[in-house]
Amino acid sequence: MQVETVSLKALNEGPASAFVERLGGVFEHAPWVADRVAPRRPFASLADLFHGMREAVEGATPEEALALLRGHPELTFAGAMTRDSVGEQAAAGLDRLSDAQRTRFAEFNKAYRERFGFPFILCVRRHGRDSILREFERRLILPADQERETALKEVLRIAALRLDQRVSGPDRLPVSGRLSTHVLDTAAGRPAEGVEIELVEIASDGAHSVARAATNADGRTDGPLIMDRPLPIAQYELRFHVGAYHRRQGIPLADPAFLDVVPIRFAVAEPEGHYHVPLLVTPWSYSTYRGS
Amino acid sequence: MQVETVSLKALNEGPASAFVERLGGVFEHAPWVADRVAPRRPFASLADLFHGMREAVEGATPEEALALLRGHPELTFAGAMTRDSVGEQAAAGLDRLSDAQRTRFAEFNKAYRERFGFPFILCVRRHGRDSILREFERRLILPADQERETALKEVLRIAALRLDQRVSGPDRLPVSGRLSTHVLDTAAGRPAEGVEIELVEIASDGAHSVARAATNADGRTDGPLIMDRPLPIAQYELRFHVGAYHRRQGIPLADPAFLDVVPIRFAVAEPEGHYHVPLLVTPWSYSTYRGS
Amino acid sequence: MQVETVSLKALNEGPASAFVERLGGVFEHAPWVADRVAPRRPFASLADLFHGMREAVEGATPEEALALLRGHPELTFAGAMTRDSVGEQAAAGLDRLSDAQRTRFAEFNKAYRERFGFPFILCVRRHGRDSILREFERRLILPADQERETALKEVLRIAALRLDQRVSGPDRLPVSGRLSTHVLDTAAGRPAEGVEIELVEIASDGAHSVARAATNADGRTDGPLIMDRPLPIAQYELRFHVGAYHRRQGIPLADPAFLDVVPIRFAVAEPEGHYHVPLLVTPWSYSTYRGS
Amino acid sequence: MQVETVSLKALNEGPASAFVERLGGVFEHAPWVADRVAPRRPFASLADLFHGMREAVEGATPEEALALLRGHPELTFAGAMTRDSVGEQAAAGLDRLSDAQRTRFAEFNKAYRERFGFPFILCVRRHGRDSILREFERRLILPADQERETALKEVLRIAALRLDQRVSGPDRLPVSGRLSTHVLDTAAGRPAEGVEIELVEIASDGAHSVARAATNADGRTDGPLIMDRPLPIAQYELRFHVGAYHRRQGIPLADPAFLDVVPIRFAVAEPEGHYHVPLLVTPWSYSTYRGS
C-alpha cells in the first residue's frame, strides 16, 4: 500500500483542489472532510491538520456521520473497497483467511450490520489475527450509542494512519510503535553478535513469521524488528538461536545443548508503544524483561 | 510395565532357581547371565549384584556375546518381543509411530542388521522421539568393533533398569534422573502458589504432553515432574501459566497481559541427571537457569 | 547464655516445686507466673505451656502487671540484672557500646521511665544495633495505654525465647528465624563450590561480622548462616568472594576482575521469618532475590 | 587543568612557531617533539598528528629518549612540575595523600630512580588510588629494557591525553572511557524514574565519592556518570537508592524495606572502555550485568 508522499508545505501553498485531491481519501468515501478543512489552511503541523479533520468529522450532522460509517467496506473482500482498504486488510492477513474463518467473518459481519446499521469498522493495522475476532465479539454486544462512538474512533485511527502515509511535515502523528531487542552474553560480559532471531505472531491458527534478523556487534538488530507502523495487538514469540551462537564461540556444550532456541513469548497491548524485549543469556540461563 | 518387586534379601536367601526365575529376564533371552551369578550370592547391595552380572556378560565367549545381542528385538513391533521390551518401547512412544516413521525405522533396522549382523539395540527409556532416530544415524556409520561395544553398553543399561524395577535393596542403581521446578514471584518476594505448569516434549513431529502440575505454597510442585526413571534425552518445554496467576493476585495487567504462558525450552542430555529449572517471574520479566 | 535444658515430660511429671524452680525465671523477677500455671500441668506441648503462662500474665491484677514491667532491668548495665538479661543484652552488643551511645541510652532510659513509670523493655535478641534505638524513639512518644501493651508484648517475647531455651518438647515455639544462601554459577550451569561468604550487620557505627562460611558442592553452606534464634531486625550485607572462585575455575578475567567481592545488602524485618538470599553469578553479571 | 583549545585547522594553517608554542608542552619538557613534526603539516586528523608525534619520539636518539623520561616529575609534589603535571596529579588525588602514603611514595620513587635512572612515569589519570601503588610495585621489578618501554608507553598516553585537551579536530584520539547506568523497575515494566545514584571509588583507604545523579523518565542519568576522560582503573560502587523510589511508588514494603540502598561493586580494567552497569530491580530482587 505504497502511497506517494506530499509535503505539508506543498499542500498549504497549493490550490484547495489539490489539497482535496490528495487528502480526499483519508476518510473512506468521504472527500467532504478534506473539503471542509481546506479553507483552514495553512496548517503548522500534521497534528494541526489532523486536529482540523477530527473537528470536521465531529461537527458533521448525524446523517453525515452515519453515511461516513456506512461508506466503509466490510472486513472481507466481498464488497467494493478503496485502494487503501485493500492494502490495509491485506496487511492484516485478511486475504489469507481459511474458508472456515471467512464463514465466521461473514456471519459476524451480517450480525453486526443488522444490529448497528453500518459495517464493522476496525483499524486492522493495529490488530493481529486473533485480536480482530476478539474485537468483533467484544463490540457486537455493546450498546448502540457506545458502539457508534467506538466505530468513529476507529475511523479516526484509520484516517490518522492514512494521513501519516500521505503527508510529510513537522509533528508527525503518534501512529507508530516500535519493537526492538538486544542480546547480551552475560557469561562473556559482551554483546552477543550474530544471534539469529525470528519474530513470529502466535495466533490460534498457528505461528506466522513476522520478521527475521541477526544481531550486530552491539548485540542489536540493525533496525527495530517493527517500526514506522503500529504494532498489531497480538501474542508474539521472539526466537533466539543461542545454541548456534554458543557453539561458534567454542564453548563446550552438553549434547544436545541445554539451550538451543530460546523462545520469549509476550503480548503487545499498545500498538503505538515501544516494546524493547532483550535477552541476557549464558549457555545455562537467561533473563528477559520489558525494557526501554 | 509394572513388574512385581522382590527384595534382595529374599533373593539372597532363597534357592538359586528362584533367583534365576526372577532375574532371568534382566538380559533379553539370556537367562544364563542370572544362572552364572547365582552361585556368587549373597550380594550386599544392588550395585554388587549388577556388578556381578556385568562381569558375567564381559566374561562371556564371543559367541555368547553375539547371541546376547541377537536375542534383542528390533525397534519396531514386527518381531516377537519379551514383555519387558514391549513395555519399554511403548514408553518411548514407538507404538504410536506414523506410517512414514515406521517405514523409516524399518529401513534403518534393515541397513543396521546387514551391516553389523545383529539388531539395533538402544535403551529406549533414556531417549525421546527424535533422539532414537539420531542414535540410529550416528551409530549406523560407526566401525563394527566400536558399535559392538556401544550395543553391549546399551544392553547393560537396559539390564540395570530392569534390575532396578525388579529388586529392592540397599545401594540402588543410579538409573533415574529428576526434573523439578520452582516458581518465585520476585515482585512480591514470595513463592508463586497455584501456577499451572505443563511439561511437553518438543519433537520434530510436534509437542507431546509429558506431565502437568500446579505449584504449592512453597512455589514447588508436590513432587518432581519426572522421577524414579531416566529423563529421556530430548527437547522439552515447561509452560508456566503466569498470566492467570497474576490475575488471581489482583495485579493490574495490560490487555492482553505482557506475559501469559511463559515457555522455557531446554534439552536433557543426561538421563540420570538432576535438572532443576526454576522460574523467577514478575508481570514484566522473568529468569530461568539450570539450578540444583 | 547457655541454659540447661529440661524435657517437658520431666516438668510435667515432677513436683510443682521443681517446675517453679526451673521456669520461675522465664518472667523477670516474677516466679509467680510459673507458680500459677504449675497446677495446670500436664501440658501437651511447649505451645500449650506458653499459652498457659500468657493467660496467667493477662489475668494478673493491674498492680501485678505493673510490678512485672518494673521488675525488668534498664537496657544498660547500670542496674542489677538477672543472668538471663545479662546474656540477652550481651548478645545484642549492648556491652560494647561507645561512651556516646551509653549516654544516649541513659538519657532515653531516664525519659522513658519518667514518662511511663517503668523501664523500657525490649526483646533485644530480635533487634540489631540501630533497631534498638529506633524502637526507643518510636515508643517514647506512644500513648501510655498503647505503650504498656507494647511493653507487655515484649515481656511475652522475652519469655517465649527463655522458655524455648529451657524446655524441650513437642510443638516448639516459633521464636527462631533462618537465614540461608545458595550460590549458582550460571555460566557453568552448576552450583558454585568453595565460595567464601561473610555476613555482616551494617549499623550506623560500622559493619559488624556475624558469620562466615564457604559453599559446599551443592552451592550451599553446610547449615543456615543464622538459625535456632531470632534474626535481629537490621541491615545486613552478604559478601560473596566470587573473584577468587572464578580464578580457581581457570576462567580468564579482566585485571582487576569486573566482579571480585559481591555485596548483597538487605534488611531483616521479621525475626522469626526465613530469609533465603541466593546469588546467581557469572564473571560479568549477577542476580539475587528473596527466595524460599 | 582547563587548557584553551585550538582547532587543528588553525594549527595547520598558522606559522610553525604557533604550532610549537601550542603543542610544545604535550611532551613534558620536550618541545623538540612538536618542533620536529611541524614541517609535516598539514595533518588530516588528530590521529595523524599524534601518529607523527609518536614517530618523532620513536625516532629519537637513545640520549634524547632518556632525557625525555628524565624530564618528567616524580609522582609527589616535591619537585618542580609543569602546569599539566600539577593538574594531572591533582586529578588522581595525589595532592591529598596522607603522611604515611607520602612516605611510601617517596620510598618507591627513590628505589625506582636508583634502579632505572629516571623517575617513575605513569599516566595517572588512568588510575585510581590503589592502582597507582600496584603499578609501582609491579614495575619496580621489571627488567630495565622492558620497564623503559613501559615508561615510554606511559609518556605517549600522557601526551595523547594532553593533545586531546588542546586540539579539536576530526578523528579524536581514543583516550576517553564512559561509565553509564540504567534502572528498570521490572515489577512495573517501566524505567525507574528519580532513583538517586552515587558512584564511589572503593580504595584501601576508604570510599571516595566520584559522582551523584538521579535517573530521568527513561531510567537513565542525563549524561554518563563519567565521560570525556579515562575511567581510572579502580574498584567502584554504584549505590542505588531504591527503597526511597519504591516508597514513592506507594508500594507496601517491609519495615525496614528488604532492599534500601543497593550497592553494585565492580572494577574498571580498561580506562578507555565503555562500562554500562544497569540495575533491574523489584522490591525483593535485582540483577546487574556489564551491558553495552
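The chains carry the letters A, B, C and D, assigned in the order they are written, with residues numbered from 1 in each.
Here is the rule we go by: contacts are C-beta pairs under 8 Å (C-beta built on N, C-alpha and C of every residue); 3 or more make two chains touch, one makes a residue touch a chain.
For clarity, every value in this text was computed on a predicted model and none was experimentally measured.
Trainee: Moving step by step between touching chains, how few steps can get you from chain A to chain D?
Mentor: Contact-graph shortest path, chain A to chain D, evaluates to 1.
Trainee: Which chain's C-alpha centroid is most distant from that of chain D?
Mentor: Relative to chain D, the chain with the farthest C-alpha centre is B.
Trainee: CA centre of chain B versus CA centre of chain C: separation in Å?
Mentor: Each chain's C-alpha centroid was found; their separation is 48 Å.
Trainee: Centroid of chain B to centroid of chain D, CA atoms only: how many Å?
Mentor: Here chain B and chain D have centroids separated by 58 Å.
Trainee: When you check chain D against every other chain, which residues touch at least two of them?
Mentor: Residues 186, 189, 258, 280, 284-285, 287, 289-290 of chain D each touch two or more of the other chains.
Trainee: Using the contact definition from the top, classify how the chains connect: line, ring, star, complete or other.
Mentor: Graph shape, chains as nodes and touching pairs as edges: complete.
Trainee: Mind pulling up the chain A residues that touch chain C in the complex?
Mentor: 186-189, 258, 280, 282-285, 287
Trainee: Contact residues on chain A for chain D in the complex?
Mentor: 182, 184, 186, 189-191, 218-219, 280, 287, 289-292
Trainee: Using the touch definition up top, name the residues of chain C that touch chain D in the complex.
Mentor: Going by the criterion above, the answer is residues 233, 235, 237, 254-263, 265-267, 269-270, 284-290.
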